[in-house]
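This is the structure I want to talk about, given as structure tokens.
By written order: A, B, C and D. Residues from 1 in each chain.
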Amino acid sequence: MINFDLTEDQIELQLRVKQFVVDKVIPFEKDPRLTSHGPTDELRVELNDLAREAGLFAPHVPTEWGGMGLDHTTLAVVFDAAGYSPLGPIALHCAAPDEANMNLLHRVATQAQKERWLKPFAAGEIRSNFCMTEPGGAGADPSGMLTKAHYDGDDFIVSGVKWLITGAKGSSFTIIFCDVQADGDKPGGPTMLISDMDQPGIKISRELDTIDNSFTGGHAEVTFENLRIPPENVLGEVGEGFRYVQVRLAPARLTHCMRWLGAARRVHEIACDYARNRHAFGKPIGEHEGIGFMLADNEIDIQQSQLMIWWTAAALDKGEKGRHESSVTKTAVSEAVFRVADRCVQILGGSGITQDTVVEWVFREARAFRIYDGPSEVHRWAIAKRILRNG
Amino acid sequence: MINFDLTEDQIELQLRVKQFVVDKVIPFEKDPRLTSHGPTDELRVELNDLAREAGLFAPHVPTEWGGMGLDHTTLAVVFDAAGYSPLGPIALHCAAPDEANMNLLHRVATQAQKERWLKPFAAGEIRSNFCMTEPGGAGADPSGMLTKAHYDGDDFIVSGVKWLITGAKGSSFTIIFCDVQADGDKPGGPTMLISDMDQPGIKISRELDTIDNSFTGGHAEVTFENLRIPPENVLGEVGEGFRYVQVRLAPARLTHCMRWLGAARRVHEIACDYARNRHAFGKPIGEHEGIGFMLADNEIDIQQSQLMIWWTAAALDKGEKGRHESSVTKTAVSEAVFRVADRCVQILGGSGITQDTVVEWVFREARAFRIYDGPSEVHRWAIAKRILRNG
Amino acid sequence: MINFDLTEDQIELQLRVKQFVVDKVIPFEKDPRLTSHGPTDELRVELNDLAREAGLFAPHVPTEWGGMGLDHTTLAVVFDAAGYSPLGPIALHCAAPDEANMNLLHRVATQAQKERWLKPFAAGEIRSNFCMTEPGGAGADPSGMLTKAHYDGDDFIVSGVKWLITGAKGSSFTIIFCDVQADGDKPGGPTMLISDMDQPGIKISRELDTIDNSFTGGHAEVTFENLRIPPENVLGEVGEGFRYVQVRLAPARLTHCMRWLGAARRVHEIACDYARNRHAFGKPIGEHEGIGFMLADNEIDIQQSQLMIWWTAAALDKGEKGRHESSVTKTAVSEAVFRVADRCVQILGGSGITQDTVVEWVFREARAFRIYDGPSEVHRWAIAKRILRNG
Amino acid sequence: MINFDLTEDQIELQLRVKQFVVDKVIPFEKDPRLTSHGPTDELRVELNDLAREAGLFAPHVPTEWGGMGLDHTTLAVVFDAAGYSPLGPIALHCAAPDEANMNLLHRVATQAQKERWLKPFAAGEIRSNFCMTEPGGAGADPSGMLTKAHYDGDDFIVSGVKWLITGAKGSSFTIIFCDVQADGDKPGGPTMLISDMDQPGIKISRELDTIDNSFTGGHAEVTFENLRIPPENVLGEVGEGFRYVQVRLAPARLTHCMRWLGAARRVHEIACDYARNRHAFGKPIGEHEGIGFMLADNEIDIQQSQLMIWWTAAALDKGEKGRHESSVTKTAVSEAVFRVADRCVQILGGSGITQDTVVEWVFREARAFRIYDGPSEVHRWAIAKRILRNG
């Protein structure tokens, strides 16, 4: 039965997270350890400690691994509240790509793999990255993947270049999406392999300067040159890589939406305050319809985004794959969040293009969000394809 | 707890209404009795009979007056399904302005008034209109109301001109919003008065030619010249007119959204079919991203609209006034429905500007919908005002 | 050298045309002979007589055929002024499809053909149509053309169905775009054939009800069934049809832009007047930024449209084909004119959806304009193709 | 007479500037002296030397002061070509705020002032800034100006805080917009005063971190504390400050448009190359309409922007003030340039959010451009006001 009421537990949790972000996290937004390549690990660890103290660490992690074990709908509430600062998800250890990697390991890894990687990872002792995107090819279209692996005995030898790898610098292990060459009766195909980062065949070949800077470790180019990976490091099964991409992707897209919706609320509130208190041409600028209408449009965008996220989360909670829902929602929410941030920059005027408020930062982050986890164009293409097929 | 599942009863009802519209109503869309001023009463009566037969008459009317007595959330499902044809709400007797007038009478009228007007009205024996908008003033801004009433003994004498009065022609009674002049200890102020239409002081002074033609009776200018109204015809209390406007308005706006969302679904389906079957430049036009992306955007707009409607309906079902919700939702949905219709016209190309499909009709209706029950600008202004006040 | 000054002659002509439209043409906008299928021929003839009297008839026609023989830049000024009323181009005999057909005949027809058809046509004694678009195929993509002609001796026998043929009803002759089947050494391919309409093989099989109604004769489906056409009626050469489509198209698209820009100016002026004189919430509605900003956007759209039109006209005057320019301009201007009309409807509120002003009419016409002579999507596709090729 | 042809001289100059930018300037775009606060003065001087060598220094400066003395239309061509790199205008010494300050001095300053400041300034020996915007008030609305000056004998004593002062750091002199308090028969009112920056009463109180970084010296907060200015440093006359703002503003806005249009062309070309050469889903991504249509829209936006700029420049060349034209053009062009940059980011996908191409940079600059020299909202408000007054 249609219902939009949060449970009492959800409301209590929402308030606690919001209070935590306001009291403990926001003060770090001007910390010099927040660099143009994102927060340093030192800053991250300090924030993690605060979240642990507040009993808000790793909300998405199953309780068996020390997390809060929340369902998707409750995560929608918590991540949204955390996203009120771009550093909030860092603090709660639920930022990309770690949050989605934990989910992937939880759902696909063997018990031994979980003990080895998920355990310290869920505890915040180490960080990870996810090596899928490639510079000359496999981004939105993974069919062009150039990173290859061949067998050497039972081991895999991986070579290739990955790109825009979030969090690579400083991370402890990586999940590599590559194309395994079949060899006799040994199977091939798109495969996910786990590797520690401190291996001779892995090199962070370039740190990328990007428009955004909210992810610990920034984005980098990662080069594999004859990286040796033992058979026990295969994630799931050889040849099933695309399936795991999907397992990871639908929830991952949605959690991005949750976190950035929180940021949209934040910048909207800043714009509202500004519109109430700044005067021009004889009245608060919010009473100029040119400004007031932007605030109203923000309100609509934020409300619609929240409903879309809840709707997709509820589908996931029912055990559905949510591919269509998450695709529709990612497109709508990423564009709505960008519009909100863009309007807030405009409302703040000169102030909006300075880093005196968080608005400028969120604007840059929101621009990137329209591209990662599938640019809007790829989602629209996929949505259209489904529509045409369903006829 | 967040939930997006319809109940089994709602699903069953949805299917029945949809089937009814497809089987029984759509065939009348080419009926010559559908004029440029809307369906004739003869056509309406014929459609009402079909709905009664199908057990789907007056879903919003309390059971005590012979209706189905559904809550707002269920109405959202039923009206949406009915709106699949612009004639669907006519058939189910839940079109504007009658549907909102029944609601108003039910909530404000005396028992005697209900017996006299609501009873035959709910049964579909008569139609009504709602005289609020004025040509030179009180539209979106009711403070400029020029229609005045003064006391003559206990009676009221009303004079003024109303405009864009939907359904006036052929209706049996009207609810008049006017400004009563206080007289001694007799109270004054904005007031709603009921009057039969066959009174000497009422004249339909002009039928308006408009872009839309889905409402029975079209739109007209109505002139009151010394119209006498006895005291027992006051709806609620003298001076409380604005309050009743609000009682009527929030749900009325929302039911418009419900009905037109159904029409948006219809034209989207027509466009999808066309995109699948029409070929240009070597493939189905839907496989051209220029078309496919429009379909994807329709999907997003329709999904967001549905969620916004459900969210507002749920608020009303909890007994809230829903002024903010209905305002946000009316703005968002009316604009989304228009975009959907506009895209469908474009997708159909030359065909889209002909009356060979219902797309052209829905496009014209959707244009009007962005204006009635508050143009987007008035809603944005009100939303902004609330935002600024809440700081 | 960059220059935006009209010549004195152009300014004088502009004023005369504008005055003519205001004084002589606009009064006919409420004439009952303006039907839902456009003005009747009786009305057209009456308007033509007024234009002849005013010395403003057929501005685009070479002087040798009795016209004013103006270049494209001057036509931009004159057609824009004429378009101030949708009936203006009818009056001046420069409406579609006749205007473009005269241009085509002038540039491609033999002297004998000119004597027979262009002479009475340019004089306004007869009207024409252009049979290109087909219901199931050749619209924006002419490669799917289903109307075929085969040889019978030296004659051509044409069969097929054309659709959305503007002005068909009441016209005297047609130019048919069809696919001639080669026969021995007789050539084949896409070809234009001229035929009088009063032939046994031609039937107006259906009048179409459409969203627009500014073209004399409306739009119709035309069926050819073994229509016999003698060899002297070939326009240009057999097999060269596509070339002539281009000869006709670039200027034809542009003159549409010119005419509708004039209509955009008109509705903008109406909206400005309304915004100055209508009060809401304590001041003229134009002083509400929600309205004022729409007026400002109209101003920008109109200015940009004018410049784009002049730029393309200047290219044509230099003897260039202007395919790119006219494509870019048609896309930009048709969408700008629509936005202007849409905003004006919104500014007028309830009034905007009635036929009390010409705004509602222009809105409907502007919607159709985004589709005919190439929908925006086909132009964007062609523009992109050129961009990619030029690399 | 309407004409869009550049003169041979203009074409030759355009080619020379473009070649210069490509060969000499673009290589510096990765120079480490391009900081987050703009190019350093060392870099600027090096670029200036290259421009001098190429005979392209100071195109807007009158020949008497060593510049090229070009008219506005020719400047439109040159600045556009220079803007192909954000460093181009730095090299040619025609970037903001210097370019507009030279113009202002040339038109208002006394001969002595010109000798003292304009001479070394025009020669590129020194830089300037323009102190108008204030943190708490006088930005888009200068009426709230808080920086005050009072008389001390014949000197002026100035106190106040200015903000977002472009180029302040490293500049040699400033033009201060302040409110002079009348004193006896000494006049008061909004006034412009010139001051060297190395005065005891001037302090750069804060460097601002901003989204853009193309201006030498970045943006700063400048504090005046009892700054003494002698009477010979009054620019023009006391009380005439607003008039000089206008003298400076209309051309200043326009030259911004010219420069950023060049940048839009650049990122569009980068996107076109990318769309031709990058493959996804089996073909160059430009052949996907989702991308191709963005390229087409860029083409339209760039063409319209060019025409609007030429149109305004032509008005200025005729000696008109061009307030309306420059306002309409600034609004349209700043928004068009932003859309172009935004689309190019999107077309480049992951690459678009890195600093591997100049696209990310231009995107950030374009965002700021929608705000400085009047945010779109202030221009729309002013345009609407003029429209309403003209009725």
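The working rule: contacts are C-beta pairs under 8 Å (C-beta built on N, C-alpha and C of every residue); 3 or more make two chains touch, one makes a residue touch a chain.
Just so we're on the same page, UniProt names per chain: A, B, C, D = (R)-benzylsuccinyl-CoA dehydrogenase.
Since the model is a prediction, treat every value here as computed from it, not as a measurement.
Shared contact partners of subunit B and subunit C are A, D. Of the two chain pairs considered here, A-C and A-B, the higher C-beta contact count falls to A-B.
Here the CA centre of subunit A is 52 Å from the CA centre of subunit C. The centroid of the Cα atoms in subunit A and the matching centroid in subunit B are 43 Å apart.
Contact with two or more other chains is made by residues 288-291, 293, 377, 380-381 of subunit B.
Looking at the complex, you find that subunit C touches subunit B at residues 36, 133, 137, 139-141, 143-144, 163-164, 208-212, 219, 279-281, 288, 290-291, 342, 345-346, 349-350, 352-356, 360, 363-364, 367-368, 370-372, 375-377, 380-381. Those residues of subunit B that touch subunit D in the complex are listed here as 288-290, 293. Residues 1-7, 73, 272-273, 275-276, 284, 286-287, 289, 291-293, 295-297, 299-300, 303-304, 307-308, 310-311, 313-315, 328, 331-332, 377, 379-381, 383-385, 387-388, 391 of subunit B are the ones that touch subunit A when the two sit in their complex.
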